[in-house]
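Encoded as structure tokens, the structure appears first; notes follow it.
Letters are used for the chains, namely A, B, C, D, E and F, taken in the order the chains are written, and counting of residues starts over at 1 for each.
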Amino acid sequence: MSCWLDTKSWEEAQIAIEESKGVAIVPIGSVEQHSTHLPLGTDSYVAITLAEDAGEKTKAVVVPPVWYGWSPHHMVRPGTITIRPETLIDLTYDIIASLAQHGLKKIILINGHRIVNVVWMQLCAERAQRELGVTIKIFDPAYMSKDIVGELGLGPVGHAEEIETSHMMYRYPDLVHLEKAMDNPIKETPLYSVDPCYIHDTLCYVPSTFEHAKKSAEIAGGSTGCPTKSDAEKGRIYHEHLIKNLVAVVEALQAQE
Amino acid sequence: MSCWLDTKSWEEAQIAIEESKGVAIVPIGSVEQHSTHLPLGTDSYVAITLAEDAGEKTKAVVVPPVWYGWSPHHMVRPGTITIRPETLIDLTYDIIASLAQHGLKKIILINGHRIVNVVWMQLCAERAQRELGVTIKIFDPAYMSKDIVGELGLGPVGHAEEIETSHMMYRYPDLVHLEKAMDNPIKETPLYSVDPCYIHDTLCYVPSTFEHAKKSAEIAGGSTGCPTKSDAEKGRIYHEHLIKNLVAVVEALQAQE
Amino acid sequence: MSCWLDTKSWEEAQIAIEESKGVAIVPIGSVEQHSTHLPLGTDSYVAITLAEDAGEKTKAVVVPPVWYGWSPHHMVRPGTITIRPETLIDLTYDIIASLAQHGLKKIILINGHRIVNVVWMQLCAERAQRELGVTIKIFDPAYMSKDIVGELGLGPVGHAEEIETSHMMYRYPDLVHLEKAMDNPIKETPLYSVDPCYIHDTLCYVPSTFEHAKKSAEIAGGSTGCPTKSDAEKGRIYHEHLIKNLVAVVEALQAQE
Amino acid sequence: MSCWLDTKSWEEAQIAIEESKGVAIVPIGSVEQHSTHLPLGTDSYVAITLAEDAGEKTKAVVVPPVWYGWSPHHMVRPGTITIRPETLIDLTYDIIASLAQHGLKKIILINGHRIVNVVWMQLCAERAQRELGVTIKIFDPAYMSKDIVGELGLGPVGHAEEIETSHMMYRYPDLVHLEKAMDNPIKETPLYSVDPCYIHDTLCYVPSTFEHAKKSAEIAGGSTGCPTKSDAEKGRIYHEHLIKNLVAVVEALQAQE
Amino acid sequence: MSCWLDTKSWEEAQIAIEESKGVAIVPIGSVEQHSTHLPLGTDSYVAITLAEDAGEKTKAVVVPPVWYGWSPHHMVRPGTITIRPETLIDLTYDIIASLAQHGLKKIILINGHRIVNVVWMQLCAERAQRELGVTIKIFDPAYMSKDIVGELGLGPVGHAEEIETSHMMYRYPDLVHLEKAMDNPIKETPLYSVDPCYIHDTLCYVPSTFEHAKKSAEIAGGSTGCPTKSDAEKGRIYHEHLIKNLVAVVEALQAQE
Amino acid sequence: MSCWLDTKSWEEAQIAIEESKGVAIVPIGSVEQHSTHLPLGTDSYVAITLAEDAGEKTKAVVVPPVWYGWSPHHMVRPGTITIRPETLIDLTYDIIASLAQHGLKKIILINGHRIVNVVWMQLCAERAQRELGVTIKIFDPAYMSKDIVGELGLGPVGHAEEIETSHMMYRYPDLVHLEKAMDNPIKETPLYSVDPCYIHDTLCYVPSTFEHAKKSAEIAGGSTGCPTKSDAEKGRIYHEHLIKNLVAVVEALQAQE
């Protein structure tokens, strides 16, 4: 039977909640430009596929995705939709509160919109833990692939770069137009890097301004990084690495009393 | 090519926006108990299938669904998720504001969660029209099937009743367990009816309290109405009636300068 | 003794609360243009006279009116005052919370501003019922006169039309300038009607935009409908029909334990 | 013709706005216990009668009253209704914004609920002046009778005391039950007084806590002060003093370009 | 040992809280133009020195200052920083809530920014008393020096006038440039005064508009009053008077059970 | 002359703003338990000393500190004060907006409360950049000492550990009680680390729950890490490393047109 909550009647949901040992997964993405070779929904697809694969392996309950994220810096390209972070906090808080009321008190937020959504999720998670007595974990692919990305010879985290593209090629090949990919190699800036693997001194991440994002989008269609180096097989290894970690997080939560 | 925005790159989105003549469709549903024979996601599925069919017939741009709605009265059964209406207003407002920024200024909100979500959508629509200079239409299946429901011999609007069930049988037969359906015929109350076809004096709709909803859910698993009388063929006629109306709304908007 | 709370000392209020069996009536109106023949306060006057007549017949406690409503679409004419719906929700919530603290836990909101105010009242009523354990009924003259309006040969609900004007002629004849009334017959639009008696398919109500309201106000001074057909005697029958219904609602609430 | 905006059609309002030279008066009161001898609506009646008398003498436009104020400390007695100050700010801000849009840009807020409502009115007034380019004056009877109260031999400002009672005896004699008045003489506390005429060192006013207000209400039915010393003739002089000042404020505003 | 909370470890704080008998002092100021002879931080310095001196004499716990206040009318001069009053309410509420959780339930807010900050502090104090069960006192130098200012021959409360300047000369002589002081004598306006010692009829205080404040700042660098008449010895007497009052307030709170 | 804005008259501020080339530094800390050997104000002292030293070297304007931060997880020990993150966002936004109005449009937020405050600062920074057209940098000592901490042989970032303690020993030796320091070595948890230097897969940071923080505080007085290994000389090198980086950020901003 499907791991998705929306497919179940409430009777089936009742059984699934028991079998899940109280663990739910909430996939959260974004609808934002991903250059000329990836679809706008990339971040949501990533969250959805991670949630689904882990849900099937573990009996965690997977709830319908939050398709929209915080993407103010990508409004420079058509199709991007951005939601205020305070609204995303309230939305996700209410999802968590409803789940908790039904006994799903150990919740994993999967952030398909690497790094950016983490910020408001942290505020949401703290409030939910304090007020609702739940346990929240934030699972972000960029932070959860630090061990593998170097091994695979993939470059640093950028946007629509070889990491994301390889992953999409493995899971959603029909939605990738690799022939349209353009490279925009990441230049090192003194005292600033968004890559979680970066080991030197750095300022903290703030989304780009409109002007800055516009300039950047004009260079290579909106990519930061080298998507032409993408590879479906690396995408597979990357995906399995993430799933292994996600399953480990689910099982650790299930093992808690 | 798919009518869904999330499947497109921003270049494809740019073309789709032009071809749409500025019309976007936002499917909005709910995740709430639909008795023992329908899935929790019923309202979202309804919004999604209406949006998709009309999108394909008209070149309107269809954006990813808002899966969660305002369902405080259905928290009595496991799996229901309810979001505060003020959060839903803010979320939908931001979706509209982003679409408007890309030239999609004529927007149809499809309410799969018949009658209930209409309330916050009206507040959202007025604010968006006034502040963003957009045109918003709220398309609700219950209000848009007044002409056909009587003809088909379907009873009044309730919950998980023969209208909704017939529709689901036609579009999502695998998710319907008709053998689990239980009837809970709608009793006429003096001075109160939620059915938009009701022609007599009535108080206005307010979602049930927890206590009242609980009592009601104990009778027939959460149905109000007679789902055992459902019929896939009636569902097909009902669906086509709605699509005809929805296409008419899209085309009227496309014809506006 | 007067049914109005504001005229009583707290000792008298204490007695009145007991005698009311816990039922209070809150008249809520608007201050908005009602064409050239009706006063700006029309909607508030309607709510006040309904509340007062029913209060006197039933011992329900009547509280001072909320004079201002949600009227963004009528700002096109001088004197209209509009309040944000979220503020009206908070205001009315606090009135309800205070009444509940004194034992008035069954509350009728009378909407003199037909159809429009209903929206925010629904959100307010649900929140109050859930958080405060009260019972809220929304009494709207347009929904409560469906049975009588046809009988009287009055046209559909518009604005400052023959229904509202007849009612004012019966209750506040000095404030009506029938000689200034201008007709603006309601044209049927495909797939849209605001009249609650309308039995065909329709989109849901959203207040007009400024531009649309302006055009409309230029035609007949702000009327939608045919006020020249108004008649005080029809107003009397309409009023008594509403009072009969309102008294029935009060008595049904008083009969609840 | 009446000075009240609600009695006018929009055409009459248009003329009245011109004749007012842009000045509007907003009466703001409260519904709160006023001991056993005065009605709950006392503060609103005070604001209404001041507004009306000054409106008639000056052609200022008088708008419908805000009946409810901030009265958390009087919830100890039945019938009191208290609104959160942030809601009152938003409500009054929207009234001002609507008036300003129609050309009424010099606005006097009359505070019938002496001293207490002033606080939120100050925040509202500053925001309105800054954002809307209007001029706001806050007219409070306690601050505007400092010159006359001593002359009349009335005691300090308390609650339902001889000042307020005398005023009500002059303007609303039918609503005063002087035979029920009980005295509760104001005791001087070191470093604290709420009376605006007090000339010594003092802490600033904060509404009493529930516990404190309860104790106080048990002594003399809710009075602080000596209402038995009230006198309708003193009430008349007091009223005329306030009207003289209010007319002076209106005329000063009308004289501004 | 220092009375400042921030200098203590939590073990030392635990002892200090016990010794304080539950009394904490929160100094609150502003960063705003104080003409050409006083520093921008004047109001904060005033609050800090009062808090510190009283803290040392009484064992009240003194917490780090809130440096920023509500100063919209002083944005006309460089360096002024203004915070929305609703934010200041929330900030101070959270400080109070945290202190209360550690047993500091009798809290004095010292307002170095005379008169202006009082408004939002009153709203904050009422909410905190009602929701948190604490006791709040608002100590404002202008209200607490009514007895001494006349005696010292200092003029009325204005801005950067001889009262404030004398006080700064006594406590922070290095930050005063008396040679830059310019006089701008306070002119009596009919029916308006901001001075708490004023004994005649008056409208209530509302911060000046930008335009008005600009005109005023052009006259004497931003002073209202006669700073050239300042005197350090008068500043000393004024300071000691305030400290005597503040110590009396602390001791009265400490004496409460 | 001092780099602190509060010490300047507005005339001096005007000159300082010009000389700063538009760069301001806002020190932001916390008041929270730092075990038994460090003061509650540690995080604010760190922000203040970094801001001051860099201000003096560069002519950046340094504004008064925001003493209070987001510390819900440290409420387990007396003296901790926590502010809601949404309030901190609003407060800091208003500071930035005021600075921008005076020409200080390149602003560095220094986070003395390592890692935790970063979250709300990111939301604040994005909103300020987008709405106010300013440039915001977030300078966090933990992220800006990745290069030096390993060299100095200091352990991972915890709380009140050897990094923070060494820094305080160098800058505020009188406030450190090293004899009270207790060690609580950081144990590696699978898939979770708060240290920004951590190079392996990890979940994202969420502040501890009350229960978890309580357990932790019972072990070593509130330390996480090994403060007994602290060393003032290492503190000096660490401080100078941070100042070098902070000066570089200021100068880079000053060099922008």
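What to note about this one:
The rule is simple: a contact is a pair of C-beta atoms (placed from the backbone, for glycine too) under 8 Å apart; a residue touches a chain by one contact, two chains touch by 3 or more.
As the structure is a computational prediction, the values presented were derived from the model and not from experiment.
For the pair subunit D and subunit F, chains touching both partners: E. Note on connectivity: the fewest steps through touching chains from subunit A to subunit E is 2.
Same-residue interface: subunit B and subunit C share over half of the residue numbers found at their contact. Averaged C-alpha coordinates give centres for subunit C and subunit D that are 28 Å from one another. Centroid to centroid, with C-alpha atoms defining each point, subunit B and subunit F lie 49 Å apart. Subunit C and subunit F have Cα centroids lying 57 Å from one another. With touch defined as above, residues shared between interfaces to two or more other chains in subunit E number as follows: 86. Because contacts link each chain to exactly two others and close back on themselves, their graph is best described as a ring.
All chains form one closed ring of contacts, and listing them from subunit A in the direction of subunit F gives A, F, E, D, C, B. Within the complex, the subunit B residues that touch subunit C are 72, 85-86, 111, 118-123, 125-126, 129-130, 136-140, 143-147, 190-191, 197, 199-207, 209-210, 245, 248-249, 252.
Residues 4-11, 13-14, 17, 31, 33-41, 44-45, 63-68, 75, 77-84, 86-87, 90-91, 94-95, 98-99, 101-103, 175, 177, 180, 221-222 of subunit E touch subunit F in their complex.
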